[in-house]
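Structures given as structure tokens follow.
Two complexes come next, and they have one chain in common, subunit A, joined by subunit B in the first and subunit C in the second.
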Partner chain A sequence: MRAVFDISRFNPQTDRAPRLQRYEVELPDGATVLEALIEVQDRHDGSLAFRRACRHGICGSCAVRINGCARLACSAQVSTMIEQAAAMAARRRGVSDDQVEVGSVPVRVEPLGNMPVIKDLVTDTEAFWRKVRRVRPWLDPADPQRDPERDAERPQKPVEWDKVAEAVLCLECGVCYSECPALSASPEFIGPTALAKAHRYTVDNRDVAAHSRLHELSGEHGLWECARCYLCSERCPKHIGVREAITELGELAYDEGLRSDPGAKHAGAFVDSLKESGRLNGARLPMKTNGIFWTLSHAATVVKIARAGKLPALHATPIERHDELKRVIARTEADEDEA
Partner chain B sequence: MIEHDVLIVGAGLAGLRAAIAATDAGVDVGVLTKVHPVRSHTCCAQGGINAALGDDDSWEAHMFDTVKGSDYLGDQDAIEVMTKDAPRDVIALEHMGCPFSRLENGRIAQRPFGGAGFPRTAYAADISGFVILHTLYEQCLQRGVKFYEEWFVTRLVLSPEGKAAGVLGIDIRNGRLHAVRAKAVICATGPSSRVYEGSSNSVDCTGDGAAIAYRAGLPLMDVEFVQFHPTGLRNGVPVTEAARGEGGVLVNAEGDRFMKKYAPDKMEMASRDVVSRAEAQEIAAGRGFPGGFIHLDLRPIGAERIKQSLFQVRELSMEIAGVDPCEEPIPIRPTPHYFMGGVKVDVHGASPACEGFFAAGEVSCISVHGANRLGGNSLLDGVVFGRRAGEAAAVYSRGLARAPEFPQWALPHAEDEIKTLVDRDEGERHAGIRKELQALMLAKAGIYRSRESLSEALDGVKALKERYGRVRVDDKGRLFNTDLPQTLETGHLLDLAECICAGAMAREESRGSHARSDFPERDDGEWLKHSVYTWTADGPRVDYTPVTITRFQPEERSY
Partner chain C sequence: MSAPSDLSYAYYTGCVAKESTRELDAATQAVCHVLGIDLHEMPAAPCCGAGDVQEIAPRLNTAVNALTLAQAEREGRDILTICNICNLNLRQANAELRDDAAALERANRALSAAGYSYGGGTEVTHLLWVLYRDFGPTRLRAAVQRRLAGLKVAPFYGCQILRPSAVNPVDDPDNPQSLEAIIEAVGAEPVSYDGRTRCCGWPIVVAREETAVVMSSQILANAKHAGADAIVTPCPLCHLSLDAYQEKAERATGHELRLPILHLPQLVGLALGIPPRQLRLQGHVVSTRLVLSKLGLALV
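What follows is the complex of A and B.
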């Protein structure tokens, strides 16, 4: 199979900006993008830099962006990526898929996003790992002095193991981190990978540090900064429900009374609003989320909105059958208390 | 100059376990690794780790299985240490947070593995090595261990009186060569199986530690013994032995469960050398599937259990072989997998030839695996002897007031060598040499060898070494230059290949993974001894040293 790639080349010591370099390579059927990169390095240009190790999706080294989406190069079939490149080109040009010949559009390979580039496809992961370390990603047990010579293992029932089974699969490959729009907007956001790691230990029945970890995550640039776009869950090469894990962390933090972050207050204000009227109260939601000082400091804006006649009422009219909704909420809260 | 009490090279299972042990012993530790720790090859170990945890199992039984598996070449004092320590080291991993799969009562679950008389392999689904690696890395983070990530070690440096004094390493990120000084050096660089084509190993498993120790004059042991994993997918990615342990069967193209001919009792659960040879014979006799494959049929296990306990295997089979093992058998074949041999060390990981030098994990040879390793014993080897090396290196380093003298000339000399290599504009690149070497070794020094094939292999390796002397690198820059370390890796592979060929040619018997078609029988009278390789300018000198036998006298081996 002959395949054409546009690979991002960048040496900050000599180049002003990254450029795409075209390579045509001959590959066996069933080849992956990683095999293609190795072929380029071996036969075409030994100066191409990328990371790789296990080549079967478990070491997490070779995450790159292919056709604009972050994924592991070792689990991306070249033939599939060629088809994808053609289909994406068709969409860009506003024509139907069959208007663009498969193979006529190069497969684009670029470094991960949300990280500085060291060279070519190699990114600087310093901030990424610093954020992982911030969640204290290790087991913090009640009895740290257990002696392996004398003491047995800490019990963990299969149902308890199931809770961590998905979370432990995280490769820390950086795919979710690369794709996270909240990180693009706010580079100090702790990001999905560290949150997934925090979740792994927080839900482990042998760990007792949930509160301190949740406390750390409930502050600025913590879990509430997530934009809930679900790209992390969608792109994870191990199919981890990363956003679902962040949701669970948020719930646990809220239940632990860690509610000072505007994000937590916003979540609380939503529920209050539903209890009150069944509608989102557009007037109170920002006040409850951001506090009285913020509201006062935005008085001018409020006046402007009022003048335009768009100020929402402080008391919303309840929706029809609001009683039923209230019962649903009460029941849900009771269930949670029981759990 | 960077300086540590204990310098560890390699951050896989053995290196990280050593780092934890040495840190806990109160000495200052630095870990130098060519990839980020969690990218280490340990993450590829799927099946699990052996330990006699059950009340009805015993370390003696584990020891016997290991001795028999080793075809009686393993040193029984060392195997005793490993099997006795196994339970406490596996429990220690659990205490650190390792998420092992569990029984209903919450205790660690264990599964059957090849060559074992008892289901004693603790596991985490089929990602056992992966979760152990991450657990150990996180324990190192908690302890604040200093890592030098993406540093490539080029040389082991000895003091004038022959003690380990440190290493030279390239910081790949900026291309700078550094001297790293230490009181003790622990080499834990892992596998070397990239000497062979189609290896199951990560791309970077190039035997760097073994090669730099060998070049510094330290002896290697038993490197002619290379294990082929019986169930590799088309590109070498292995399917864990647990797939057979859980009930998977091997079938040839005639639909025959052929293992009944080769191992009537244990069938698919015979040791790896036996199963790999059986497959090779079936394929050679024309009873393989097109392309030279055997079928591994997991359907007897049932879809539910496959999805729960072998989910990675299922994913890889679908991705690489295009078959869902819940529905169809997986085409597999033997794949180069594990080096039983390595740098010769004792049960504390200490080299008898060089004070202050320690080794642990796959790069070392103690020898606990002899001529053939049992599945589930490699993670165990790494964790037991990684810990022991860390403890011993800490004790040793505390006994030294200062680090041994680090020769002044070492750094500039190595800088010159690298400069000469990088400045060379003519010549061929390393990649072609590496590919030819790998194909040659698979064809001529693989599962079956003979004097004739090995002599061809040795001549071929020498010719490739000659060509390597004029090798050129493409990347002349310093910034994240991966061309240079990869070129140096190929040099390491060539040295190891030369040892394998020389030792395999000399050993005129068949034992464990070493199968000579011209000497098909084991010969205890002549060959119940370890091969020891020492570097000379003319190639490896091979000497021999006796095997330690304590409890179990050699017997005929059948499964």
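What follows is the complex of A and C.
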């Protein structure tokens, strides 16, 4: 199989910006993108820098962006990536898929996003690890001063293991971190990897640090800065529901009484208006989220929206047969109290 | 046009199309009327929770969406949504109720208080998917009265109609094509730009405005730079993010944008010959006049 790659090259000592360099390589059928990178380094250009270790999807070292999407190079089939490159080019050119010959479009390989580049495909992971460490990604046992049984065995039942079984597969490969758009817009955001780690330890029955960890995550650049784009879940090579874990962290924080963040208030306002009328009260949402002063400071926007006829009513008219919804909500809450 | 009998839906407008984007509801009804897609409104259906209720009260969220699904099941119709967020939340709840017997039992205990039960028989779809997959670009092309020739339209999908792809099975989340197919079917030209599958930042625009505006401004700037006359989106929240907050995006980027943001049925409606005023193209924050003048139309 002959394959053409455009690989991002960058040497900070000589280059101002990264550039794409083209390589044509001969590969055996079934080759992965990592094998292609090794082939390039071995036979075409020994100066190409990339990370790799295990070569079979366990170590998480070889994550790069291929055709613009972060994934593990060792788990990406070159043949599939060639097809994807052609299909993406068809969309860019505004033609149907069959009008772009498979193999005619190079496979693009670039370093992960949201990290500075050290050289070629190798990124600086310092901030990534700093954020992961911030959530104390280990099982925090009971306070040894207060708990004389601290050295006792801490058993875990199968149903308790099930809560963390998915998340323990995390490779810390940086794929979700690379793709997060909230992080691109706000670099101090703690990001999806650290949040998924925090969830994994917080829901573990052997851990007692739930409250302090959730408190740490309820700050300005914590869990409420996630924009729910689901790219983290979509791209995770281990299929971990990262956004789903962040959703659950929100619930855990809310249940711990950590409700002062505008994001938590925003969610609370939705529940309130659902109960009051069965629909969103769009007019009161900003006030309940950010308070009266913030809302008044946005008067100019409000006037513009009002002029376009887009201002929501101050009092939402309840949905028809509102009583049905009320009864469903009452029974759900009664059942939850019982449980 | 004769109505294909199978295209009949329980019409779930969602909250936003009844409040801040009433033009979306008006345009959807006008377009579906012309295409013979039957819509039956669901006036007793509650808010989908928008992901916020799911975040802090997941069981309540599932029960409330189960009520909507049960109302449609009783009518014997599938649900048509016009909002990415409604679509995802209803589909997530539906998947949970179908896959998790305990969740279905819990929801049905709650529904029984209102005289309902849900058997898992309702499908949830989106106007974009109906136009692309069920009605189809070929029939749409044949229904066009006024080709939108020369109009350069940047497709913007928004997140929650693409991801998670396990819940949103219609498009390839990294290389979708349904919006492009519709843009072509109405005679306009899809614009290629970096941003069509990005996140507009809407869910955090109230709680984290600065972060959200950086996200939306990059999309707007890229579409403008690629020569778009307008952006089209299937989601009213993406619309608000890109339209109502566009002035803030202009301030963030330091560039004038003035890029009209069309709802999907407004674009289709223009090609079907529906008057712009009926599509409520006057009801936007960023004026749509540039689009209309390019088509030789006025807001009459």
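Everything below uses one rule, namely that the second predicted complex is superposed on the first by the 304 of 339 C-alpha atoms of A that agree within 3 Å, B and C clash if a C-alpha of one lies under 4 Å from a C-alpha of the other, contacts with A are read in each partner's own complex, and residues count from 1 in each chain.
What we mean here is this: contacts are C-beta pairs under 8 Å (C-beta built on N, C-alpha and C of every residue); 3 or more make two chains touch, one makes a residue touch a chain.
Because the structure is predicted, anything quoted here is derived from the model rather than measured.
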Overlay on subunit A: subunit C relative to subunit B, clash or fit: fit
First, second, both or neither for A:169, with subunit B first and subunit C second: first
Once both complexes are placed on the shared chain, angle at subunit A toward subunit B and subunit C, C-alpha, multiple of 10 degrees: 150
Which superposed partner A:301 touches (first subunit B, second subunit C, both, neither): second
Most subunit A residues touched (candidates subunit B, subunit C): C
First, second, both or neither for A:328, with subunit B first and subunit C second: second
Partner chain(s) touched by A:43 [first = subunit B, second = subunit C, both, neither]: first
Partner chain in contact with A:92 - subunit B first, subunit C second, else both or neither: second
Touched partner set for A:137, first subunit B, second subunit C, both or neither: first
Minimum Cα separation, subunit C to subunit B, after superposition on A (Å): 17
Shared subunit A contacts, counted only where both subunit B and subunit C touch the same residue: none
Contact set on subunit C toward subunit A in their complex: 15-16, 18-22, 43-47, 49-60, 63-64, 66-67, 106, 109-116, 159-160, 163-165, 172-175, 177, 180, 184, 189-190, 192, 198-199, 201-204, 206-208, 210-212, 214-215, 218, 240, 244-245, 247-248, 283-285
Residue numbers on subunit A that touch subunit B, as the complex places them: 11-13, 30, 38, 41-43, 45-47, 49-61, 75, 118-120, 122, 125, 133, 136-139, 141, 146, 148-149, 151-158, 160-161, 164-165, 168-169, 171-172, 201, 204, 206-207
Subunit B to subunit A touching residues, read off their complex: 35-36, 38-41, 43-44, 88-89, 91-92, 94-97, 99-108, 124-125, 127, 130-131, 134-135, 138-139, 141-142, 173, 202-204, 234-235, 237, 312, 315-316, 319-320, 429, 431-432, 435, 473-477, 479-483, 486
In the complex, subunit A residues that touch subunit C: 67-69, 84, 87-88, 91-94, 181-182, 184-186, 189, 224-231, 233-234, 241, 243, 247-248, 250-251, 254-255, 261-271, 273-274, 278-280, 282, 285-286, 289-290, 301, 304-305, 308-313, 316, 319-325, 327-333, 335-336
